[in-house]
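Consider the two complexes below, in which chain A is the common component and chain B and chain C are the respective partners.
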Partner chain A sequence: MRRFRASLLILPAAALIFLFIVLPYVTVLVMSFRAPGANGEPYGPGFGLQGYAQFFDEGYYLWSLPQSLLLGIVTTFVCLVLAYPIALHIAGARRRWRGLLYGIVLSPLLIGIVIRSYGWTILLGNSGVINSTLRDLGLIQRPLPLMYNDFGVVLALSHVFLPFMVLPLLSALQSMDPAVKQAARSLGARPFTIFRRVTFPVSMPGVQTGCILVFVLAISSYVTPALVGGMRVKTTTLLVVDALIDQFQWPFGSAMALILAVSAGVIVLIFARLTAMKWN
Partner chain B sequence: MRIGALFLGLFRLLVYTFLLAPLVIVVLASLNAGNFLTFPPQGLSLRWFWTFLENDVFIDAIVYSSILAAGATAVSLVIGTMAALYFVRHAKREAEIVRIGVLLPLILPEILTAIALLFFFYEIGIGTEYKIALFTGHVLMTLPFVFLNVTTSLQGRDDSIELAARTLGASRYTAFRRITLPLIAPGMATGGVFAFIISFDTFGISFILKGSGSAPLPIQLYDYLRFNFTPEAAAVSTVSIILTLVLVTLADLLFSRNSKA
Partner chain C sequence: MTEVSLRSLVKRYGKTEALKGISLNVRHGEFVSLLGPSGCGKSTTLKCIAGFEETSDGQILFDDRDISRKLPEDRDIGMVFQSYALFPHMTVAQNLAFGLEMRRLQKREITERVGRAMEMVQLTPYAERYPKALSGGQQQRVALARALVIEPKILLLDEPLANLDAKLRDEMRGFIRDLQKRVGITTIYVTHDQGEAMTMSDRVVVMFDGEIAQAAAPEDVYDKPASERVARFVGNANILELPVRTNDEAGVELGLPGGLSLTIQRPVPAANGTLGVMARPEQIALTDPAAGHLRGRISKRYFSGGHVEYHVETDLGPLVVLAPTSQSAKEGESVGLDFDASRLWPLPGRTGSAESRA
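Up next, the complex of A and B:
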């Protein structure tokens, strides 16, 4: 009776997730194997592999996949390099400062992704803040191509997802006993050796979680590549939305989305395997 | 060694600047008196805020987003708090499954979840009508934040106090109201604020499931930004940033008062 009453607590959440997450994802899987529709219908009767075939037949779609994955990997790497010193800094900061620094790191999360991407377009545009300043200083004649290319997209994506790297790193670093570091120091280890032999291995679970989070978020983001890339950087996610919403080709769009998800999953697995082997 | 430390300090300063720059620049751009987003600004003025206040599209979008966020937050608060109570107090072997299950909307790519919901609602014959799909999507997106915050406020707390109250003759309802609820109230408050902000800002779900008629703020802003370059969008964004700051500050005040009591 007690068990039964308790299980009522989880019932609404379980129903919500099953009905509106599990079943819809199954629908996507089924949709990807449906036949393409004719006369403006999103899909036709019967099943087939045409959705998958179309992706592999047309270089335009096929090539977007390695490019998107590379964009995700580079963004993840940039985030890791930027986030690590910040996480170390916050973990070692005095209590008074920690709240403020924490706030700075979290602040981008609280502002919508559209606004943040928009902020980058103001900064990076041809007559944007950076180019205007450099021109007024006489350093450049023609504006630097900062936007509408991979560089701008990676920069903006790194900003948008940096908190997702800092937070896991921080929680891993804060779980470390400061006495371990002191012990290493008193035994004569140099600061870099302490970092390499003590701090970094301890932070490894945070590195793993942060990298996986940022990679998945980056390759599936839509707004930032659309606004900062100005539709000139064609990521697979942009093509998926285009196929589904604008061209109304549901089986093809679903197949493409699943191919992207499986590819991302493979990269995540390889990454998890590699990092686990080295540090455990 | 000295130079290394200096270099590291400079690098950190750069990263903090990098984090704040786009937000500061949006606020500064909204005060530009010129017709275009030029830099340096052609004088300071609040004219774009007046333009925004006279533009029904953006006002409607803010009102619409607020109602949607309030509704989604209310539903998420109930379902998420119940799930958190179950997870901390009752879940045993299935705990990990419960946690991952409730966090799925956060772990899965938002745009893919949106597409999946679109197909699902289309298959059951509702489509994007009546905003049911949109509302469901917003509840899903906000649920993990309520769950995480309430779970945190419950963990490390002994449930023997509640048992003690029950042995002393308190009814199940009284024990919940007088013991459990005050314990989880800060977690619910923080989770609720997070949920509201997430719903207010979420893009993918709204973009795919908005249907016809009025659209949430991020969608209107995105549509506007694709074709316009006036500082009006910056004024709208600034208002949205200020709203968020006010909410967070309020929650912080509420939260710190609670933890003192």
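Up next, the complex of A and C:
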């Protein structure tokens, strides 16, 4: 009886989840199986697999999927490589400095994602800060292709999502008993060996969390690829929005969104399996 | 087997001097405890020996070789931490193998030595477990085996039992002590628990404020403390300040209230005026109110299984007496107190002289 009443406490949360997560997903799922609409209707009467068929039939759409996933994976990797030294440094810093460094890492989050992405276009554009400086210095004749390509998108995405990698890494590193490293040292391990055999493996839970976070955020991002990629880097999210809003084809857009979500889920699962920690 | 010598070891953190010139010799295979209150510099001493802290001044010698500039990883030390500091992502066997792998031993030898070490601490059935799946006592034994399996020159332990419950702590005391004797390794053990230091060590080093107050066998630290502070830190101490009646080669006669006297049959230099003497609670016996050296009234009585602790109000102030349960007295009862004069210990710091009192 007590147990039952206590479980009532999760009802509000359960209701919220149902209303705002389960219901929309179900709607999208159902929508993806509707027949396409005619005469400007978003969808037609009855059900069908045309939404999915269109995605797999046309290379233009199909190829956006590996492109998106690869963009996500590369961004995640770049974030990890950039974030790890930052997290190590902050974890090892004196308490006095730690707050300041923390603030610097978090500061990108204070500025909206649109403005941050726009900032990158100012830097990377053909007549942007970098290119015009290099041209004025006489180092280049023609602008370097920094934007409207995968390079620019990965760069901007990595910047935008870096804090989401640093924070879990930092929390993993800080929860590590400093005596563990001393123990390794007293057993004869040199600094690099300690990092390779102790610090890094012990921080694996943070690596895992950070990678999953950044990957999921990166493949589902819209604003940054749209602005920095200038619609020339075709990610699945861009095509989904295009299908839903511009082409006004709800079943097709929904089908694409689901395919992207499922693919991302599979990759996250594989990653989690590969990095599973028996000790944790 | 290695001998460790600290020579005028000084450690400064900015302006604070954590160690103010520590000199100590630890012999081959000796078990020495560093005992002292929090902040007295026990851990700092250990960290200097291990190499985790650089010394500001002085030398650390292993077998007459100065190692104070060597890196910790080159000192060949086995260290056990209060938090155990096991590698959480390695099994028990992997934890033990780590130090041997660093020494680039052959796989076969590693397996063999790890196996022997696990047997030594009775952990063979737990070889494939991760530290999280072990009890505190088991983790402690892994930490101990991990430090010993590399056959280090010396073993350093920093409050290794502080996180265990009382019963397990008693068990581990004996376990560590036996193991140390069996292996015969020179050991320095840090603790703030005087009971632990007493039961385990060959020698106890009492430290206060970054200095060594006394380094002696447990019995001597207990019975013959170098100062009042040592006397009070190591167990319960009754300290009496008594007027000196006579003082010659034969001994010192001390005056007691009611015209009685106590004679310490040992010459005490410079004991004129008054002399501070220490009596441990079990060195005072309860007697008939008419007999004994001193009269008193029992104000508190605490039963603790094997014996009873009495707090007695006397003309010389409150005293603590530990008596066997067979000899029982009630609160409020008048009693006589009988001192064992042969075990009264004069405290040098408390010796007053006639001139300085005048």
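One rule holds in what follows: the second predicted complex is superposed on the first by the 262 of 280 C-alpha atoms of A that agree within 3 Å, B and C clash if a C-alpha of one lies under 4 Å from a C-alpha of the other, contacts with A are read in each partner's own complex, and residues count from 1 in each chain.
Definition applied: a contact is a pair of C-beta atoms (placed from the backbone, for glycine too) under 8 Å apart; a residue touches a chain by one contact, two chains touch by 3 or more.
Here the structure is a predicted model, which is why all the values come from computation and not from measurement.
Q: According to the stated criteria, A:145 is in contact with first (chain B), second (chain C), both, or neither; which is it?
A: So A:145 meets neither chain B nor chain C here.
Q: Contacts for A:184 in the overlay, against chain B (first) and chain C (second): which applies, first, second, both or neither?
A: second
Q: Report for A:25: first if it touches chain B alone, second if chain C alone, otherwise both or neither.
A: Only chain B; A:25 stays clear of chain C.
Q: Which chain makes contact with more of the residues of chain A, chain B or else chain C?
A: Of chain B and chain C, B contacts more residues of chain A.
Q: Report for A:92: first if it touches chain B alone, second if chain C alone, otherwise both or neither.
A: After superposition on chain A, A:92 lies in contact with neither partner.
Q: Could you say whether A:227 touches chain B, chain C, both of them, or neither, answering first, second, both or neither?
A: In the superposition, A:227 contacts chain B only.
Q: Counting only touches as set out at the top, which of chain B and chain C does A:201 meet: first, second, both, neither?
A: Only chain C; A:201 stays clear of chain B.
Q: Could you look at A:193 and tell me whether it touches chain B, chain C, both or neither (first, second, both, neither)?
A: In the superposition, A:193 touches chain C alone.
Q: For A:48 in the superposed arrangement: first (chain B), second (chain C), both or neither?
A: neither
Q: Which residues of chain A are in contact with chain B in one complex and with chain C in the other?
A: none
Q: Per the contact definition, I'd like the list of chain B residues that touch chain A in the complex.
A: The contact residues of chain B facing chain A are 1, 8, 11-12, 15-16, 18-23, 25-26, 29, 36-40, 78-80, 82-83, 85-87, 89-91, 98, 101-102, 104-105, 107-113, 115-120, 122-123, 136, 139-140, 143, 147, 197, 200-204, 207-208, 217-218, 221-222, 225-226, 233-234, 237, 240-241, 244, 248.
Q: Which chain A residues qualify as touching chain B in the complex?
A: Of all residues in chain A, those touching chain B are 3, 6-7, 9-10, 12-14, 16-17, 20-21, 23-25, 27-28, 31, 42, 82-83, 85-86, 89, 101, 104-105, 107-108, 110-116, 118-123, 125, 127-129, 132-133, 136, 159, 162, 191, 216-217, 220-223, 226-227, 237, 240-241, 244-245, 250, 253-254, 257, 261.
Q: Help me check something: in the complex, which residues belonging to chain C touch chain A?
A: Result: residues 50, 52, 72-79, 81-83, 85-90, 98-99, 102-103, 130-132, 143, 146-147, 150 of chain C touch chain A.
Q: Going by the contact rule set out above, which residues of chain A touch chain C in the complex?
A: Those in contact with chain C are residues 177, 179-180, 182-190, 193, 197-198, 201-202, 204, 277-280.
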